[in-house]
Amino acid sequence: MKIAFLGLGSMGQPMAHNLLKAGYEIAVWNRSPAAATPLVNDGARLCQRPADIAGSEVVISMLADDAITHDVMIVQGALDSLAAGAVYINMATVSNDLTRKMASYCSEKGIHYIAAPVLGRVDVAAAGNLNILTAGEPDQLRRVQPVFDVLGQKTWHFGDNPEQASTVKLAANFMLATVIESVGESAALVKAHGIEPKDFINMLTSTLFSAPVYKNYGGMIAEERYTPAGFKLTLGLKDVRLAQQAAEEKNVPMPFASVLRDNFIDAIAQGDGNLDWSALANVSARRSGLK
Amino acid sequence: MKIAFLGLGSMGQPMAHNLLKAGYEIAVWNRSPAAATPLVNDGARLCQRPADIAGSEVVISMLADDAITHDVMIVQGALDSLAAGAVYINMATVSNDLTRKMASYCSEKGIHYIAAPVLGRVDVAAAGNLNILTAGEPDQLRRVQPVFDVLGQKTWHFGDNPEQASTVKLAANFMLATVIESVGESAALVKAHGIEPKDFINMLTSTLFSAPVYKNYGGMIAEERYTPAGFKLTLGLKDVRLAQQAAEEKNVPMPFASVLRDNFIDAIAQGDGNLDWSALANVSARRSGLK
Amino acid sequence: MKIAFLGLGSMGQPMAHNLLKAGYEIAVWNRSPAAATPLVNDGARLCQRPADIAGSEVVISMLADDAITHDVMIVQGALDSLAAGAVYINMATVSNDLTRKMASYCSEKGIHYIAAPVLGRVDVAAAGNLNILTAGEPDQLRRVQPVFDVLGQKTWHFGDNPEQASTVKLAANFMLATVIESVGESAALVKAHGIEPKDFINMLTSTLFSAPVYKNYGGMIAEERYTPAGFKLTLGLKDVRLAQQAAEEKNVPMPFASVLRDNFIDAIAQGDGNLDWSALANVSARRSGLK
Amino acid sequence: MKIAFLGLGSMGQPMAHNLLKAGYEIAVWNRSPAAATPLVNDGARLCQRPADIAGSEVVISMLADDAITHDVMIVQGALDSLAAGAVYINMATVSNDLTRKMASYCSEKGIHYIAAPVLGRVDVAAAGNLNILTAGEPDQLRRVQPVFDVLGQKTWHFGDNPEQASTVKLAANFMLATVIESVGESAALVKAHGIEPKDFINMLTSTLFSAPVYKNYGGMIAEERYTPAGFKLTLGLKDVRLAQQAAEEKNVPMPFASVLRDNFIDAIAQGDGNLDWSALANVSARRSGLK
């Protein structure tokens, strides 16, 4: 199975490497070709342009956002270079809007579109332990399952319609953001009453809230440790906005998402946009006069 | 150490029983004396009136709410019956307002007031595995630590001021409510996109959200299983309101708490007040036209 | 008709004066008696204690808040001094809770309780042009209508239950607060786009929003002129909280009220509590990075 | 001055007619040409295609939304048909995004772009009494002022950047939506307390809230008279969303806009999308159990 991989950022690079190590023949493309060097050294074929992936049976993209994905895959001709019957797997977090556009474009070309965004950061990607959230034609999902088995510890299937996977990914990121906001608000509440936020968070995560997400974000908030950014606050706003769009499509009011949007905007206005998104907790602290 | 225990509801009864089994001499009082019978059969002394606890060294109350606590302990004379130097431990979830009032009343009588609300429901109380959130004079906390060791698996200390423990308890309940609301909103979002909420929740709780609280409430919401009520929705509104009051005292805006309040009120207006508070998820479902 | 007037603050003083000028025999009481001097010079009888109003047929109070009203009228014995058949008119903005308590206390004594909060500030009170929002027994309202005719330009009747008038007053103050918040948000929006808020507000108030309330608050916000305080921001928070309580009694979610509460708290945390409540607009400006 | 007018809907038709009556030479285009007949009968020249406006010195469009404006003016070649130096006036309510795109497209062609959305409905347009909110190059605004003088009672100038006019228009529509929501919430509050909303609204609009907007929307809400739709609820959601986008561009949190968005979505989910946008008040009524 000849695979092409477009987008060799911090996530894409280790993912492509894992496929290479698993023995797949890989063609790679990245906007700045330097990122491809280690892969090329290990046997990957370098594409100069997106359209050079012609001949690939399976194409995976892990590109930064909607606009870049659209540009690389459609405008720069990556999809047009493929033969009918190929599978295109988009593993980035994108909007439902883009998902529809890409699926429809693929459909006209006889290409099978699979949405497969992932849960897990760089180290998880490197270990091949991602959780892969998929939606698309069941036959095609079976066909590329070996690829997913290399990249992730588990593949989840949410339906035949690619939007279903992007919706689930956006819902999961929304859930993460609600954790940050709720810890931020309660940390401000207890701090205002003279209690160390870390004592409160330690108690929570030792009892009912013993999930990694509370431990990680709780720890960062208690220590106000917002650099380096695991996930930038500006990206948090983007994902909440995409979740709101997915919700609006089906008439789902999401008041927590609305609070998140306003608070992310507040954080960016105060200059925190490049911090880790857990710095959303600064908003509660500032508004309470605690900073 | 002679202990008095007032309030033998679903939580108070097993707690008092554990103290009895641990060998303490216990006087018990309950509004309807029938609840005291099993304890009396096992050796507890029955008080006809709250003031009959006179002579106790340590008094524990686990009464339903602010008004009843005030009535039993002050109006009906329980505290007046105690000798200076006694310790009064209030283990119920009450407002900071009441905490201040009780602490001040005790202080005038030379009684030591300890706030010690708990995390854990009936089965946890029965197993002596509560998490006990305390605040009060350190010396007095050390004095009653053996009592806490019988009732709970762990005692947490949040400061010398009793309000600090009630604030922490209210913050913890706020956190629980945010879990319910966020799961409710995202369950509506995915359901509106044709995805089974249980598949979504199963994925979440198998990955980043592997805490008991997400498993329990997520499961209830996925199955719309809101009876029997582990914790009634009307009590959820009450606790969010108390958290808001604690926040307002120190000028802490809590926009998630505000959303929770409005949604709890909505739920009660639709007749869901006696369901488990995870039925808050019905609000998102109804507002999205999914019910 | 012998009238007693308790509470001679900035509103009470001109109101009592108008009654005196209209020829009524007036007994007056105020916490600090100095405020009574001008009235006494004009013929009012000074009461040393609230209970000295004994013998009055109609009692009016215009006291600062719930606690003081309760203290003066009940604890200090003003109501107890009255004969059955007297009318007690509470013209201050108080909670529905206090309204119920006072009405019930009066009812036991055979006193007729009328809630009659007012719209209008000091100058309006002085001119006898208040709008008086009443609820109570229709017969008694007719009986005291001549008094209202002196104090106000118009008397509005909202029902037989005194809570209905306090609810209307709280709803009106909520409406005023929404005007301030909406002007504050849109002023921040246009300012962030390089438009002078005063140009925007001038356009609005010259067209669809040609009401006094938009002109007054819009002007203050455009000029950031928040002193002297016509109505203190801390009182704005209090009234929004009372509106929320009135709403919660009948299961009415009010998400705009929730936003107002959080933003008033934010304003107070930043030190703006003593400014005019239109300084709520500072919250939008600060959160947008415009201050 | 040869003028072209594209978009002869309920607003465009009377506006074009006024220009004709004022003696201008007008070319008109509409998707369905039938709407142009009365104008052609009165002397307007009918364009078969948007590009047939070639030769016009001033072009006005009043098209339904962003997508149609983009399609007619760019894709179908209206702008390409113009000579450098022409002025294009967009009088519809569109997004800042589209405003930027159109302005940049015009700039490349040497066409002067003016944003000039209006306040006022059909009858106001027919009477030539619109309020016209403009932004663009001051020289060009002076050049077309005679045109605005025909269409409106007053022209407001908000800056040189066309986005400034679209931002002001979106801010004004946001303000209108806040009026509807605040009346809706307080109407629910008073109704739940047994007070007729119409009595409450009558009092408000006779006193502090004596603006047309409160009278109109207040009356509709009091009588639950939501058809015929003066402005459809779905369009209300669209405009709030555009206001949120304009706010996000400059980092302005707008929590009232967030509440509006969620409530408009709720209304649409319950089937009220085609009612007048004042039917937003149904959301408060339903959530309070009053419907």
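Which chain is which? They are A, B, C and D, in the order written, and residues in each are numbered from 1.
By our rule, a residue touches a chain if its C-beta (ideal position, glycine included) is under 8 Å from a C-beta of that chain, and two chains touch if they have at least 3 such contacts.
By chain, UniProt protein names: A, B, C, D = 2-hydroxy-3-oxopropionate reductase.
These figures come from a predicted structure and were not determined experimentally.
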item: Interface numbering overlap (same over half, different under half) for subunit C and subunit D; value: same
item: Farthest chain relative to subunit D (centres taken as mean CA coordinates); value: B
item: Chain centre separation in whole Å, for subunit D relative to subunit C (CA means); value: 38
item: Rounded Å distance, subunit B centre to subunit C centre (Cα mean); value: 38
item: Interchain centroid distance [CA atoms averaged], subunit B/subunit D, Å; value: 53
item: Set of subunit B residues in contact with two or more other chains; value: 247, 251-255, 259, 262-263, 265-266, 269, 287-289
item: In the complex with subunit D, residue positions of subunit C that touch it; value: 119, 131, 133, 154, 156, 158-159, 161, 163-164, 167-168, 170-172, 174-176, 178-179, 181-183, 185-186, 188-190, 192-195, 199-200, 203-204, 206-214, 243, 246-247, 250-257, 259, 262-263, 284, 287-289
item: Footprint of subunit B on subunit C - complex, ascending; value: 237, 241, 244, 247-248, 251-255, 258-259, 261-263, 265-266, 268-269
item: Subunit C partner contacts - residues on subunit A that touch it in the complex; value: 255, 265-266, 269-271, 287-289
